């Protein structure tokens, strides 16, 4: 950590800061330049990080040097994490994994129908929301446990692994019992208690980036789960909020290589929520695979006109099937499989 | 709701959309212009709102006309809501209410000391976090129930009303028992299950705007609480995330009159979290009162250098006292009291 | 255009609005709903667009229906525009065109050296700045006309077409004389006088999206050039400003298919400026081609450590060469060439 | 400047960086920590600032310590700059200066009428656009030189000082001849050639912040003008672009005290463009004065329904008059006059 002092900082102010650092058991290195004095802090940066040093008289700015996350970092683990979600599906390996299915679980028959179709097209995980976070209290809120049972049924019929969102701690057990991957939604990325509880399980977790969160904060949230002992975390880029209005969110495609450079955890891209428009799902999925994503999560619905949520961004099964062909070609072009 | 068709929409596509609207029990009015056909939907807009009409072939865009929130709207209630939080404190009336105190509850002695000081300066509500949402799993997470007890003690000693953040449904009862206003933090603005539960109580709620949420979404989240039967909701502007880096967030001062025009609920401003720098708390507090805020929530700490969280943005009690004098003058200049 | 009236709008207010519309020679269609009256305007929307209808008493909101740009729109021209920049280079056709070269023109020898290398790797246009927009008045501002001459020399030696930025109207003639494509930089996207002048030439123009401009505004700026009679316009996505700090800007990859759907003009992606980090140029270039971009503009420098500007985002020629191989594979995977 | 090395940086990489710094005539101070080596650079930071040090092998991050602007900084000049714009009007002194008038100059009679009214209400500068930057090529583009003459006439009649926007270098002389303050619009904040030319005059300049520019960049643009020898620069906060859609831009009220802390230049606030809605101009003007702004620039039009531009955000003269009374009270409450 580097502490930059104001040009008019007095000697006693500087000494006061140094004294505080020393009291914390750390060493300092002081550089008195022409315009500014700078104090370098040597030792465990975490100890100082939480000190409100900027409030000390004479301090202009505090510059952290080390990353605030550890377990999620490539400094901690060099090799890529590969997560085994069961049924032979491994995330973070050579094969790009596609998760597909409806936004919400609606009926058992419909879900099984979609499951069969997306499996035939090459998906290996079935997605479907049983608990739905909705902006409006008047919108469809999901089937709850009944939805989880339909998902389990679809797994039985197709062998697909399952991913579903967990919104409420009270549902942790029942969700763990039925599905293979727990999704933490964008709105809950900083629901720290939820992260802690999920960290106590060993279940694979798909952690979605909050719509206004930086990559660094995403890694900090992953750190909550890892720190609990659960290393089966995959990170999901799903678009961030910007001023652009032609898409629902702005897919931050560069986040894929950025995360790959900073962290050993696999990266998944959600082009459906990022764009909010089915016509953009194809190009953005191809871009994600080309950029190096380890997986995709895509909404598919046989009848988007009748979908109870997010119909605008759902692909027809036949469009999904065609897209899977395109994605296979792109995956091979970048040395992956699909 | 207005449905705009693509210039190349066919007659059968248009008929298909109209048919669907009629099936929902609504009427349509069709305007065939030179370049586009437009369908107006007449009747309960909520019924169509959740239909994925943009997915229908031939549809270019769907434009909602009515607001998606009702109970939070001035259309529903013309007069300002005034919330009685007990101890004679009313929020939303002529007097601008100031809530002040430390970011986190640290020790009983310190808290009571601050409470006495902010009361002497004119604050009427004591703030203090017992449960702290922290970006890092390695940072101080709050004292929990012990913190609530210290708060209760401080109330006993000073008569100040209490506000504290609720992060976890499991703490709802204990928080309700000890404090007068439940704060829902920015990171939980769209934690819909938490909103629903809080809606079932009658406790006054301070609902903070999420850092990437629009005013409309803030009103939708308030709607969750109101729809549960709890009308004691105050909205809090606490800065939104933008590209500007000289402040922690960007205080959206215009949100104060915007909310006032759209909703009957009181508006509180949090200049401490919005700016993240104590030197900006004064000017932004004055601005908030001048813009028409019904209250302020300000961090005060007798020794920011030793604060366990957010020291950078805490005012010394003597600075707070001076600020209260300034605010009183501004409040009077705009026809309020403080 | 749809005019939504306030719930409390009086009959005389409504009549006043209607009268005004009629005075402009347009027709109205009035729908009196339960909660709101809505007025549809029938006729040339442009006439009403510039009327400040929102200021009329009783009006709540005005919703435009048609796009504010015409010539840039697919409604105006269905087929893709293909721009012939000379020397056999066509932009917007099956072949993805790669423009490469240093950020700034530095010396003649260096420029020719880079030109030969990028040509050997498959680039068909040479980029290089003679006039440099720099945030700091103390930074290198470009060689000016001398730089243009070096570019011309490099063209002579290699046959590559040339693209360079025009910042100042006073340089229009000399730039037109030397280069094949005029670049309008992000900071000048709304320098409307510059756009008008460039619209009077027939030179191909590479119009970069402003860092805070929407796709719609980019198309409006293109409209300025098209309206002047110059249809040789290509649009360039180069990243937008967001809160994310791990990249210099956020590459809006979805803008590629969004523009392709709205406009017939070719789309170029600039991964160097979008990310600001050479290590991200490869993944983002692959993503751009996979998403359907018609071209890329990439910074290449034989010695980034010594570059006078933007060294951080420049590729070594050998890395560029390797990338071109990767891009060729991705282009073929999506049915293009490179 | 601090150079942070990667954990795996080799000795020869570190030496290579150090060597480069020494070649530039600067000294280094190396701190070898447990996790990272850090190099402090001692000497003129500007020399290193433009070096692409991040491209050197082994370098993780480069952290500048000093501000990139000098002349605009309080480090350079402690005392507030007060600008004399003639006619007894001083900007940056105790009196808050109000600039008011129509968005565009329309007719001579109308302009003189508004001028008299805003003067009677207490404004001391008349605003009015002769050259208008418009998003659409089909919108009213201003009267040009004729507009300047009308402004001059209005000055003759009322004694008000004049401010108008300069968009094009070719108009510099004629604008200088007619008006007292040259406005550089938000879209031209980084039109560096325009800034340089304006820097060569001694005319007072109102420099508007670009809608996606940081305060630091605004100060860098001011630096261009100051570096040319023109110290009569006032900075204008006029809203930044964010995701919030209920206002045209988001007024960054904290920028007022932020700029005041960093720079000696006066700060003006434009609530009309920031909000885009006349109903918000009052509250935001009061907030600006309360936050410490040195001036306001407000759109006033006697008949907004007929205004050729920006009618939605213009105040009626009688509303402006009432607002001036309110602002006077707020100014006094914060120790200023108006």
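Letters A, B, C and D mark the chains in the order given here, with residues in each chain numbered from 1 onward.
Everything that follows uses one rule, which is that a contact is a pair of C-beta atoms (placed from the backbone, for glycine too) under 8 Å apart; a residue touches a chain by one contact, two chains touch by 3 or more.
The model shown is predicted, which means the values in this text are computed figures rather than measured ones.
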Reference chain B; chain at largest CA-centroid distance: C
Chain pair showing more contacts of the two, B-C and A-B: A-B
Between chain B and chain D, centroid-to-centroid distance (C-alpha), Å: 31
Chain B and chain C: spacing of chain centres that average the CA atoms, whole Å: 38
Between chain B and chain A, distance of the C-alpha-averaged centres to the nearest whole Å: 26
Of all residues in chain D, the ones touching two or more other chains: 212, 241-243, 245
Of chain C, residues touching chain A in the complex: 212, 214-216, 240, 242-247, 250-258, 261-262, 274-275, 279-280, 282-284, 286-292, 326, 329-330, 332-334
Touching residues on chain B, where the partner in the complex is chain C: 2, 4, 7, 29, 31, 33-36, 38, 40, 42-43, 63, 65-66, 75, 241-243, 245
Chain D - residues contacting chain C, complex: 20, 46, 49-52, 54-56, 68-69, 133-141, 167-170, 187-188, 190-193, 196, 210-212, 217, 220, 223-224, 227, 241, 277-278, 304-305, 307-312, 314
